[in-house]
Each structure stands twice: as structure tokens, then as C-alpha cells.
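What follows is subunit A paired twice: with subunit B in the first complex and subunit C in the second.
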Partner chain A sequence: MSDGFTEIGRALPRKEDRRLVTGRGRYLDDLASPGALHVSFVRSPHAHARILEIDSAEAAEMPGVVGVFTGRDLDHMTTRLRLAPPIEGLQPTELTTLPINKVRFHGDPVACVVATDRYLAEDAAECVTVEYEQLRAVTSIAEAFAPDAALVDDSLSSNLVSHQTLSVGDPAARRAEAHRVVEARFALHRHTHVPLETRGCLADWDDGRAHLNMHIGNQVPHPLRSQLASRLGLSESQVTVMSPDVGGAFGQKIALYREELTVAALSRHLCRPVRWREDRMENLMSAAHAREYECRTRTSVSETGRILGLELEIDEDFGGYCFYPANYMARVIALIMTGPYRIQDYAYEVRVALTNKCGAGPMRAPMAITSWVMEGTIDAIARDLELDPVEVRRVNALGPEDLPYKMPTGEILEDVTPRETLEMAVAAIDVAAFRERQTQARSEGRYLGLGLCTVIESTTYGSEFYKSAGIPGSGHESAWVRIEPSGVVNASVGLMGTGQGYESPLSQAVAEGLGVRSEDVTVHMGNTDIAPYGMGSRGGRGATAGGGTLYLCALKARERVLAIAASMLDLNDAGGLRMRAGQIERMIGDDWQKVGLALTDVARRAYLDPLVLPEGIPPGLDFSQSYDPPAMTYSNSTHACEVEVDLQTGAISIDRYLVAEDSGTILNPIVVSGQQQGAIAMGLSGALLEQVVYDSSGQNLSATLADYLVASPNELPEFEILHHHTPNRRTPAGIKGMAEGGVMGAIGVIANAVSDALAPRGVTIKRLPLTPQSIRALLREAAPSSMKRTQS
Partner chain B sequence: MSAPTQDPLTLSLSVNGETHEVRVPARKLLSDVLRDDIGLTGTHVGCEHGVCGACTILIDGRPARACLTFAVQMEGHEVTTIEAVGRPDTLSALQQALHEEHGLQCGFCTPGIVVTFEHYLRENTNPTAEDVRDVLSGNLCRCTGYQNIVVAVLKAAARMRGELA
Partner chain C sequence: MKPAPFTYHRPASLAEALTLLLRHGPAAKPLAGGQSLGPMLNMRLARPAHLVDLNDLIELDSLRVTEDTLEVGALTRHHRLANAPEVQRSLPLLGAAAASIGHYTIRQRGTIGGSLAHADPAAQLPLIAVTLGATLVISGPDGSREIAAADFLQSIMTVDLRDGELITAVRFPLPVGDLWAYEAFSRRHGDFALVSVALSFSRDAEGKIVALRLGLGGVDTVPLRLPEIEARGQGRLADENTIRDLAIATATAIAPEDSEQVPAVYRRELAETLVVRAFKAAVNREEGA
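Coming up: the complex of A and B.
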């Protein structure tokens, strides 16, 4: 990757490290606020119950308690959340800030205790007595859709909160003419995000100015400010959101949660700073969950494995509340399902169920199951037709001659390289050699498996995508760049990092556009009074939307700087000028030569001697820019993974893991490699260990980190990464964005590898996670009855 | 309702070589006292049940979980926190290696990891990658996938042995 970039692409270490590695970062709970009150929430012990009475008399008299507030109290202080976007098949929903009549999951907040310290608030919360009438709990998709199911949301006509279908081409005709119709099933389990820093906030109402200062680790400060202002009946001028250092988010810190709105409302009500930090149990039970899907594919194929038509059904367990429109995640899965393959006859049906569990939200790669479903389907075709899975991929994969490619759903793929990354991964893993090792191992009673998973990762969602998908929202981003009188550069953008390490790569985007060193640029994020209104951090949009907007803004700044420089050099125009490392250079002959003029000189003139600026150029060096990316940008990759499964224990060991990834122009390879590794780790951790468990009555059984298992270094392999950089020709600097594809690929590749390993035992992975217990159960089920007897 | 555990006690705590007098109830966790009463916020609280390791500190030179310790237990003991290990402009060898090798992302788990390995590398100067993974299994990191942390610890060890500039 060259393109003549000098700052973009530099392996610049992260600017935030020095404070973080010494414990000098400032996370939410590190902010001092003398005299602040602390809250503790009283939470429902039931999955589904009517609230008959809340008795807070004893709690209110306890030491340090300032007040106990219920859903009824909050309903006077806040407006309700109504979600009713005009989307066909989506039922409108409305939520109170805290439940008033009914709780819908184990951990639902029913009251809020405010006290002078956290210990006292928790003591008092335990003494709030709530009388419930228990209702039948809906704890699965099947139960939710049963004809006599209890209603999770009493205002809806059924638990089917969202239902969409699409049919393109003629999948039924393709089925009729197919050599074979291959069916496959995929069940992904409920995950949760587990940022190491739990949620929390510090709300500080300034009664004199009638202004709310909201300190909160959040990915989208401006949309959050809009929500807060609207729900509190304030104007956006009356709310400042300030996001400090954030200890991870992964999609969990986007929505305005009910607890946070409660804390803000109570700060205003009590005219005191009020703070909340949830404990880990609350985080695991009641922050947000994700990923619980059941998918089925029916694929019409030719003798060679060529896919003629694909039919997909997705059911999602959305939990008890809609903090996002219920079609939000599942429909994107359906929209991009065909991904790296040439498929034109395609149909989907997406059904979303409300259940008595914690509400679902986007989690790093909200469309994570996509790649497992598509690549698991490819493997199912190969098994069914006894073809080489690599060959089935080859006959279907999009190649350069197919691009740009319009997917059946209308999404456009361009500048992607799925066939190239497939071949890179296949060559690097040496599939033929692996098959020999596999055969040898099987003869020794050892079960090795190889998985492949090609990923098309939707990264940056432009406004056009939202509009065509019927999702309210914008995909644009905004930035400003200011060259100060001393020549140093400040910049800002509406993104908010939650650990990715934005400060170096975004300063590189500015530095490249302007012509300075990244070290001389500071990017300010997270304060809504400083940053321009942007759509924040979600998906893989940071580099394309954030970096792209900053780059464009810096180009605008450079143009002005060079125009002033030209006048200072008595040139007619800036045609033969450029700036590098803050020094103006002029093309003399065939060489760029320094002319003894620096950005500091230009800045001094712009600010302190504006009368001699060329006509039409205003004083100062202050620029702003907004940018709306294409409807969608895509990165792509192919993951390959070798495993060994121990039949006696069900344990899986990962012998080798590699990924060939094309994420276009990258701003900073250090940060990108970190995102690649971290995303794969999160995918593997989820596929192998993590699982939110509810029992049949809706009790959450995974509310500690000893129950909800996150991978330690002993469960994760070394990651080999092969790079391929195809710039996107439609984005600034060719940036594509990335950071979620690793999750998508990891989930698919590990499932495919284990299926490959266990093929001789008749086991195919249709359900995750792949715990030792689940592997052993599959082996027992698949074993001939004679073996079962000897084993039992 | 006033339980004895809520009545404040005056404690004298030795933290990072300095003596601090604090008045806190007996039930107050060391992690909270370090953060709220002594102002050392580098010790992070990630789970409050001893699993995540973000709050790892040294008690008399040995790693321990501040969230599983009451401050009142610390009288007569020496507590060391992340604040005693390097500063932003003078990183320790381990901190420098974590920076160079991108061994952290959000940084919330990092103080616990630094404290764990500052201790470990003093007693184990030449660990293997497997050794490092084993010790690191006491600290959860949700961002990095651990690979770069392992690389950084090995690099720091090599530097501390004088084998690497």
C-alpha cells in the first residue's frame, strides 16, 4: 500500500497508551464528584410478573438514603421511548423509563434507591419489598410463537415483533430444476458483550444554568445527547455529554439505557450530582444481550456445487424490550447473506420474537452469524455432493470479473477480493498437506479438522443504506480541523473510541490531508460541546466515516494554507506547492524543495496579520466538513483454522489459525492488527465458551464471570494474519473500515473445522457453543446404539 | 439499621511507601478504599468477585485481588498499586514493551496485568510464551486476544535480562 501516503499507513504507536499503561487513564468511575449521590437499582427476581406493590418505607428510613423512586415517579420526570419507524412488518413499541405494571426479565429494574454512598444504597435496595404476581415466562423462540403464548409486551398483538420477507429471482424454480436441494441449520446462542468496564454514568444537573452535564462512557455521544434531551424534555443546548476513557463497549454502550436516563432525571430532580456504576452481575443480567438466532438454509445446487438458489429463514430471540427497532440486526444478516458468492435467486424470511430475557442489542459484528450460515451451507453442499469444500467455494466465489456485483438484495459489492483471500488462505494452510496429516491422524484415532470461512464484512453504513433498508438514521459523519496561531493542529470528529485506539490513526488521517506530522495533531472526541454532531462509533465505520471525514476536512485546510503560502511567496497560485511535515515545499525542476516557509508562519499570518491575506481569504484557519459514505463499504477476508478434537473429553484445541484479510487502505497497521486479533478472539471465545443461560422459568444462570466464561489466553491460539490491500475507489483515501469481520470469520471457521474433524463420527455442528459437554453430547447421539451401551 | 460493619474505623494503611490515615467502615473493600479514599484510581474494578484481575495489586510484594480484600485487613501490610510502577514519561520496561507491541486497547485490564507481571518477571526472568499465557490466565482482557500482551511480556523480559536494547 503506497499511493504516496506519508502519514496514512504509518505504524505509529498509540497516543493513549502512556496514560493507560500507568493507570492514569480517566474512566467514568475515576472522575471525582464531591457530594455526589449514589444509586442502586432494585431488580426483578422473576422473568415475567406483574408488579402489585412496591414498599419502600423501610428503605427510605435507612442511613444515608435520600429517596426511593419507582417507575411511576420516573414517568413524571421523563417521556417514554416510542419506537415506531415506518418499517413494514415491525410492530411499534413504547417503553416507560422503569417498568410500572410488569417486569419482563430476570434483572429488570423496578426501583432506584438514592443514597449518600454506594454501600448504603445497596443495603437499602435489599430492603425495598416488591410484591409480584408471577406470570408464565416465555423463554424460547418456539414458546414465543406458540399459539397460546403469554404476551411479553401486553400492547402488542403477538410476540412476533418484527417480520420481513423478500424474494428475488425465482428460488422455487431453481429448487425444481436443481440437481440437489441441500438443507442446513444453524443455532447461535445468546452472548453478552462483557466490556471490562461495566456501564455507569455521573449526571450533574446545574440548576442555575438549567443544564445537564452527563459523564458517560458511550460510543455515540451526540445521538445520546439527542435522546437524553428529548426524554428529559430539555433542548439539546441544555445537555452536554462527556465521554471519558472507556473500558470497552463492543456495541453495549450505544443506547440510552433506562438506568442512565433514571440517573439523569434524578440528578435534575434532586439538584445534586448522582452517579451509578453497575456491578458485574447487573452487567451480565441486564445491560444488553445479543446474537440468539436460529437459521435455516435451503440451497438449490448443480452437480458441481454451483449454487442456483438460496432460501433463508432467520428467527431471532430479541428478549423483553426493544431498545432498537427489532428488525435492526436480523435484517442486515439477511441483506448481506450471499456475501462472497454469486447468487441471484434468493429469498429470506426474518422473524423476531420477544421473550422474557434481557433485551438484545448490536454486539461487535451484529451480523456475526452471517458467515457461519453461508460458509456452513457451502460445507453442507460439499458433504452432500461429496465434493471438496475448497472447490465448492471456488465455483461460487466472486472474482474480479464479477465486480462491481449487485447482490440479490440490491447491495453493491465493489473493490472486494473474496476469491483472492480464499486462495491466499488455502495456499498458506497447504490444504493438501493437511489432508494427509488428517488421514494419518485418523488412522491413529485422532480427529483433526480444517475449517474455512470467507467473510464479506459490511463496515460503513451510509445514509443511503439506512434509507433503502427502511431504518431511521443517517450514516454521515462530521469533523473540524483547526490550525491554531502557533501552528499546532487540533481536530475533532463525532466518533467516540471505547478502546480501539483512535487517537493515532485519526491524527494520521488529518496529518495526511494537511501535510503535517501526526505527532503534531490532537484529535478531540467525546465532548458534545467540542465535537461536531456525528453519528459516533458503531459497526466498522471509524476509519471510513471518521477518518475519511477528517481527511477531507484536512484537505480543505491544506488548500487554504497553500493559498496563503503562495501569496507569502509572491506566487500567483498554489499550483506548484505542497506541505510536508509542516514545511511548505515547491516543485523546482523535478524536485520538491523546501522554501523556508512553515505552517507556523502561515498560521501567524492568518491569525495575527490578516490584513495582508490575499483578497477573499478570511482570517483564521478553522475548517469543518461533513461526509456521507457510500451506501455500504465492505472489507473481506478468509479465515482458516486447524483443530483437534479429543473424543474422550470433547475438548477442542486450535492448532493453527490464520486469516487473509483485505481491509483496503489502512490508517495504522498497529491498530488494525490489534482489531483483527481482538475480533477473532471475541468470535472464538463466543463460539467455544460464552453462553448466557436461562432456565425454563427464565432465571438467568450466568450472572458471574465464573459462569459466563470469557476466553483466557490458554484457550486462544496465535493468529497469523496475511494482508491484502485493495483500496475502495469511492471513499476518501480508499479506506474501507474493519474490526468486526474477525468475529464473523471466527464463529464460522471454528464450527466448520469441528464439523470436518468429526465427520467420520457422523457429527455436524448445527448449534454453538462448542463446549466439551456439547461435543460429548453430539458424539453420544451420533454413536451407534451398541457403542452407547458400552459407553454408558 | 446500623450494623457494626458500617461504623467507621480509623485505619493506617501503607500504600506505595506512604502512610494514609482513612476512616472507613470495616466492610469497605480495599479496591474502593484505594480509589475513593486514597485517590489511587489506577486500580480498576471489573467484577468484584475475583475473576477478572483488573484490580490486581501487590500485598507485601505478592499479587492479590483488591476486590476480595477488606481495607481493614491491610493494617501492618504494604500495598503496592499501579501508580508505583512507572509514569507516563518514565515507563517501566514492561509498560514500554506493552506500548511498543500494542499490548493494550481499552486499557481497563492493563493495570492488573502490569502489576501481575512486574512481580512475575522479578522472579521469573526467562519465561516461555506458554509460561506467560499461563500466568496471564488470571487477567481477563476483552480487547486484544492476548497475543500482543504475551509478545510484550517476553520482550520486556529480554530487555530486563539485557538481551535486547
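Coming up: the complex of A and C.
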């Protein structure tokens, strides 16, 4: 931990827990709104179909129904979403608020029923009849790219919505020189976010003031406000976005979704508050999906396993609609693929397909597949050359002597420690002892495996990143810090927490910068009339972008406080002064000593006695600051995991899981630990259980939580966490981001561990999830036909 | 996820419940623990016009052991079955199966009558009832009748229950073999099993298998008892060879549904594995291993 901090790094309990664990949180459904109308969406039962006619006459006459609105109606109330950033290879797209001519996935909303309560709205929604002409559904990447494929978006020339390539150095020449060229394949399946609290909003149009109050659990209130205002033809001063407590988001609550815009437009149209609570089936089917990729690597290696060149192909299934530019997620995978390894000759090709499935979006670690692809490639090299996988990692890993390291894509790695975390993890798991156990177990017919996965986690995402990614908005954050007349501190930043536990760590960043106790700082988030503009919470940027900005703003406040204190102490300047826990201290000799002056005294003077302030110092104590962090900061970690595979059932049990992680300066170890555990749990849950399933006609078969399986604590092991802290030299207080790397590492490490366990049976994991039935299928395929299955 | 409109009834007696069920015929649905019916109502997969809540009929929450029967009232919760000493003593297989249902909160609400009437092919209690040859007591407009569990369960969520009828009790014949096991394979703790096995037998003085009962869940539209496998095992030593032979024979005897998600061959493999594990668990428990 960095020296000298008194507030940063404290294990301060999460401030929000008082209300959250005593059942006094206020979520969307806790907000009363007398007379609010409720909506229910009529959704498409087909994956791909023309809308011929919508008959809502019967529904409109039903009790309590205020109206039934279709895509045509909404097209008069809202503008369309056009995404056309100047990015080579990206086709521009345009969306209406609700579909008018065609539905593009099972669950696509085609009409919105507004009624006096949700029950009546659902009764009426059943009575809206939609006549469809079914079209051939595109349900896989291969189908999307087939020459005769049906077009998912009729306005595009093909389903290849985004296509980028890059070649750095000379990978083809490296291939020609290589001792061996190793090929490997990785297919990650479709996931969805499953926040405990589904999407929802309460739109309250005040016709007198011509103002919309939009209550919505959202990660990015300011960009959402800009979107909402623009799509409704309002100014930003006519829209206030307010996020109450939010029960999870994981990337699902960034975009302005069509349902939410519909609700806002209808509140304005009807001059009534209108609310929508997405139900679980809608959430699983129609909110946003993620992670469906097929990747291939071709690696040129020397005899010792040294990587000479890497060629990567990424295909992504983006679903039916672009709520984000289609290059957004896959681009980061390609950008950081080489990660912890010394590779300079590198090429990639990224192709993104539109299909008749729910639209894709970022999900906690949008680049999650990266570490599995890179580390699975390393293991493939080790297998192919019969080398120790630990040695292949050592031969290629970046060490301190390589830093700062410019990756072939131009990304700069600095203050990262992949070799150190690798060695920590290898030592802690005791690889040699494991190999002995593994050999012994195999002789008893038991199959143990060890996986390793080193992660370079891209975090923070400054303006430079978003600009090059084509995402509207910038990557900077703003903050204000206000010391009130009594000396307590209020502060605000543009982030919005959705369960991370921001309130303590962010108040610690303020307290550290200012010199007060974190307990005396309150951080306000989620109301666009109160919070300053910021890009919000996404991409592991809360700590650096949010905490960093607050810290800088607090430093500015401290400077003023000390200047006033100096004048109150009749000193010429504040040179020998500091503040700790709200008390002014002065360096006397070699010691800091209290001088009997507190922040409360300074605040009183600033607010209530401004006439005696020194010349040039304005009354009051409020400060603002903006900060644009680096395009990226990088954290790193190495995951290690031991598994046992039950050959009879295909079940996988995790015997041990550990991670050595370097996430720089830690604002609050309780919150960081929660993020580490949560991220690993999410990664393992995804790799082992979760899967969005569409059949070949595009029907979603995983629309309940009995079908879309999420891990519970029963399915997860204890996680051992080893800490390593290397501050980032370019950020305030050395902060880096974290909270997504655990997902990346967990997916890679479990896949690698299972491949290791099943190596004697000739099985390598190329496709997730690791369901017991898929493991059995691999074992059946691998078994020589003469070999009969035997029972243990 | 809001149910279609219905009228809610809460009868105070069995007679009143039966009257309501008869009056509303197919439009009525009894509500016991609600652990399956609740979600089905919310998803509008079940849309009864009348919901008859049985939860005041506490006389149906009962356990009675006689020399030759364990009688379980239809409203008995899984939690009680899993923990009642009289079940532990007389029919530990039933208690173990009940203990494995869902999660703690589900077991507090779910009832044996509800589970049988719902007839999920992978559920625990229908499997135990079929394997042990339980009889259901059903009350209706013409008094009460009895029917074997195996006859009552007709297909997936399809049972022999006519308008105005209600399961009031389940009778398990006693005694059963003193060796037993319930083995299930599910994706997560508390999920419905992909395949489950219920096993009960005794060993005679020479160690040979007698009174063998073997049932499988999740391999057909209803839980299956396998009399031909029972006959095959009868009189043999419960050794490796016998166990493997019975397991392979079981896997051959069943014809599970084939789906992309869970192929038939996988369910067969699980059946084979679980039969082996059930025998081993039963023998190990007796031998204290």
C-alpha cells in the first residue's frame, strides 16, 4: 500500500449498507407515484418477421386501458437512433423507437399497452393481435455470413455490420521462420447480465414546467440524460435523470433502451406519470445479451515456446440491433489480446455479425474472452511442444525490465506486474506438489487438473478511448466538493453505483485529498441536477475516473482551507500547514502539532465572516474539478485453480481457487475484496452454468431462471486472494481500476484447468460453457471406439 | 408476470374445499404450497378462474405410522417429511428424498400432495411413491377412492384427478428393505434432477439381495419403477459384478427423451452411474463405511 495515506486504504464499512441490509434502501419500486400508469409490452413470438398489421381495437376497450401505442405512434413522438461514428469498416445503423415494419428477435417489443395497473395492462397486451409474415431467421455467425443469408437489417448491404483488420510487424514472416505454428480455437457462448433488479423506470412529465423527471436505475445518468433529451426533442435542462438505489447492472443499464424511451415519450404524451418494471422473462429475453464470440489464434513459436508472432480472428454475434457501435466490445479484445506477453508481430481480423437474437451490449468484462484466448493459446503451445505451461508463460511474460511496454496495438503497459503475480500464484498453489497429486490420482482413475490464467485488465477508459471507439460522450469525469458552513463535506461525481459500494471509497478519496475523516464526507450520485457531468460507471473506471477526480477536487479545496487557516494563524503562507481529521496542524521542529484550529473554524469564517478573509479569497468553500484520465490504466492478476472432473457424469468440482492481483492503490479493501469475489463468481458462473439458448428457428429457450442457470454459493469454492499493489504513476493517488479482471481470469482458468484434467483422454476445451453433458460428449467423441465406458 | 384474473377461495374445511372444486370444475385449481403453481400463474401458463387455497386444512398436515403403513397427509410440508423422527425410523428413503427438494424456503411451503398432483417427471416424491408402491387417497364428490401412485401419474403434469377431487393422503406400505439410497444428479444444488435413482432392498442371511425396489426419475414422462431390473437383482450378492450388471441393464431398459440440451445418451449414462452409486451408498451406509 502506498505510504502516507490516512483515509485511502482504510477498511471502512460500506456506508450504504446501513440502509441496504436493514431493508431501507429505496429502489425504483419503492418510489410512490400516485396515479401513475403502468405499461406492458407486446413482444414478438418470432425471431424474424414482417409486421403486417397490429390490431389493438379490442385491447383499447378493455377496463383500465388508457391506450395502445405502436412503432408508428412512437415515431411521431421520438427521433430515431442513428449510430454512424466515423469508423472504418463499421456500417451506420438507424433504429426506430419501436419496430415498425419488421421484428428482429424473439421478444422484440412491437406495441406498448398503457393501463391503470400492471395486471390490466398484461390482460390487454394478450388481446393485441399482431399479424406477422415470418422470415428466415439468422441464428448463428456462420448463417449470418452465408452468401444467401437473410438480411437482419434491411438497410445494410450485409450482416457483416463491422469489419476491422490490423497487422503490425510481419506475422507472416514470423510464421515462415517459426519452429512450429500452433492453432487454437475458442468459442464463448451467449450470456446475459441477470441483475437482481431488472430494468425499469418511472417517467414523470411535468407539463406546466415542460420538464421530465426520469427515475431510472442507470449506470450513466448524464449520457442517458443527453440521449433522452435528444430523442424526445427536449433540451438537457428539461430532463432530470434520477437513479435511486439500483439492484445491479453489470453493463446492462448503460444504453437508453427502447422500452424506457417509450415510457418517457408516453408520459409526455399523456401528461401522466408512467412506470414500467421489466419482468424476469423480459429481462432474460429482451434486455441485452453479451459475450458470444468465436476466436481463432495462429501462433508462431520457437523451440522454447517463445511467441514470435500472433494472428487472431474474432467473430462476434451481435444480435439484431446495435445499441452500441458494433465494433465496441470486440475491438477491446483485439486491442489488448497480447496482454501480459512480449509480442510485437501481431495481426487481427474482427468481424461482427447481425443475427436474429437479442442485441448485444457490454457486460462486466466486455473483453472477458481475451484472457482465455491468450492463456488457452499458451497452453496449446505447451501441449504442442510438450513444454511445461508455467515455463512457456515465464519465457514470454513481461517483466519489470520490459516496462513501460508498448503493445503492438500501441497500448502502453506500465506499472503492471504480470510476471510477479504469475510467480506468486505458482508458488502459492505449489505446482510441483499438485503434479504429484495429479499423477497419483490418475493412477486411481481420478482426473485432476490445474489451470493458470494471467490477466491484463483494461480499466478506466478516458476520453481518448471513447473517441476512438465511436462512443458518444467523453471519458472525463467532473466532481464538486463543498465544505458546508458547519465543516461537514458534501461531494458529488458523475458516477452511479449499482451495488459496487461506492459511498465509502469515494468519500475516502475526498477525505484523503482534503484532510478530513471519511465519516464526515457524503458523496451524492445519480441525480443529474446535483451531480456534475460524467461518463458514469462502466469499464472499471469508478476508482480512477471518479475517485481520482474527487481526490483532485479535494486537493483544490484543501489548498483554500489551508490558505484561510494560515491567515487565521497570522502566517504569511500555508507552507507549514496541513489538515488531518479536520484539524489544522503545523510543522513545528520535526513534528506536526495541532494548533487548535479546525475545519469548522475555517468554514465558519469562509461563510459567515467573509469580510475578514484575506484579499483575493472569495467567500464560501465550494470547488469543482474535471479530470480526463489516461485512455486506459491496466491492472493485472494471475488466477490458479485446481479442479476434479468426474468422468462418469461430466461434473466439475473446484478443489482450490486463488488469485494474485495487482490493482494499484486500493481505496477500500472491503469494497475491492467484494469486487474480486463477485467478479470471479460471475466468471465461473458464466463458464460453468449460464447460457442463453436459441433454437435453430431463433426461439429463446432460456427465458426463466430455471433455464438460465446462475451459480449460487453452493456451486462456488472459497477464493484465496493474494495482494500485490503497484500504484499507477500517471493517476491521482496511484489509483487503477479493477472489478472486471476476475471475470476474465475465471473464464480462462477454469477452461484451462479442465483441459489439463482431461489431457490424458485427449480432450481440449474449445467451447464453453463446461456443462456436464458437454464434457461427457467430448469424452465420448475422444474415446477410441474399441474402448467401452467403465464405471469407477 | 402477473397472473390472469382469478377468484380466490379459502375454504375452512375439506368438505367446503371439495364443494368449491366440484362447483367450479375444470376452472378451479387447488393451491397447496404454491411452489410450482405460483410461477405458472405468474407466467400465465396456468390460468384457473378459481383458486382454492387449501392452507387452512391443517388436518391434512399429518403423519401416521402403523405396522404396515406410513400415512402422510397431503398438506404435509417437505420440511416435516425430511425431519420427522417417525419418517426417519420407518422410511428414511422418503425423508432423504424430501430433504433434497429445492431449498430450505421451498421445503417450508411445498407439500407432498402438491408435488404428486403437479407430477413433474424429475420430482422426488412422485419417484419415491412409485418406487415403493405408495397408494394415494383421493376425496371427491362420491367419497374417497384409492389409487396406486404409478397409475395416478399418467404423463408430464398429467394425473388421474377428476373434477372436484383432491388428494388427501399418501400411504407408503411398510416395512421396506433396510438398505436404501436416493441419488440424484442436478446442475446446481436444489435444482430438479436430470436423473434420479431411488433404491431400497434388504440382504438375507447369505448376503443376497431381497425385496429390491428400483425407481428412476427424469428418464421418462413419469417416474419409473423397473420391475425387470428388480427381478434381475433378486437373490444375487450386491457385489461389483451385480451392481454393474444392474446398472447397464437399467441404462438399456430406459428410453429417455432426446433433446439438444440433454441428449438421451447422457441421461442413460447418468442412470447407469447413479444406479452404481446408489447401491454403493446403500451398502456403505449399512457397513458404516
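One rule holds in what follows: the second predicted complex is superposed on the first by the 778 of 792 C-alpha atoms of A that agree within 3 Å, B and C clash if a C-alpha of one lies under 4 Å from a C-alpha of the other, contacts with A are read in each partner's own complex, and residues count from 1 in each chain.
The definition used in the following text is that a residue touches a chain if its C-beta (ideal position, glycine included) is under 8 Å from a C-beta of that chain, and two chains touch if they have at least 3 such contacts.
Remember, predicted model here, so these are calculated numbers, not experimental data.
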Just to be sure I read the superposition right, which of the two partners does A:Pro92 touch: subunit B = first, subunit C = second, or both, or neither?
neither
Between subunit B and subunit C, the one with more contact residues on subunit A is chain B
Going by the contact rule set out at the top, does A:Tyr119 touch subunit B (first), subunit C (second), both, or neither?
both
If we overlay the two complexes on their shared chain A, which of subunit B and subunit C does A:Gln773 touch? Say first, second, both or neither.
second
Could you say whether A:Arg280 touches subunit B, subunit C, both of them, or neither, answering first, second, both or neither?
both
According to the stated criteria, A:Leu701 is in contact with first (subunit B), second (subunit C), both, or neither; which is it?
second
Of the partners subunit B and subunit C, which touch A:Asn714 in the superposed model: first, second, both, neither?
both
Subunit A residues touched by both subunit B and subunit C?
118-119, 123, 279-280, 704, 706, 712, 714
Subunit C-facing residues of subunit A, complex:
118-119, 122-123, 126, 279-281, 648-651, 689, 693, 695, 701, 704, 706, 709, 711-712, 714-715, 771-773, 776-777, 780, 789, 791
Within their complex, subunit C touches subunit A through residues 1-5, 39, 43-44, 185, 187-192, 244, 247, 260-263, 265-266, 269-270, 272-273, 276
Looking at the complex, which residues from subunit A come into contact with subunit B?
13-14, 16-27, 29-30, 32, 62-63, 118-120, 123, 127, 194-198, 245-248, 250, 277, 279-280, 498-501, 670-671, 673-674, 677-678, 680-682, 704-706, 710, 712-714, 716, 718-719
Across the complex, what residues on subunit B touch subunit A?
1-2, 6, 25, 27-28, 32, 35, 39-49, 51-52, 54, 81-83, 85-89, 91, 95, 98-100, 102, 104-111, 114, 132-134, 136-137, 140-150
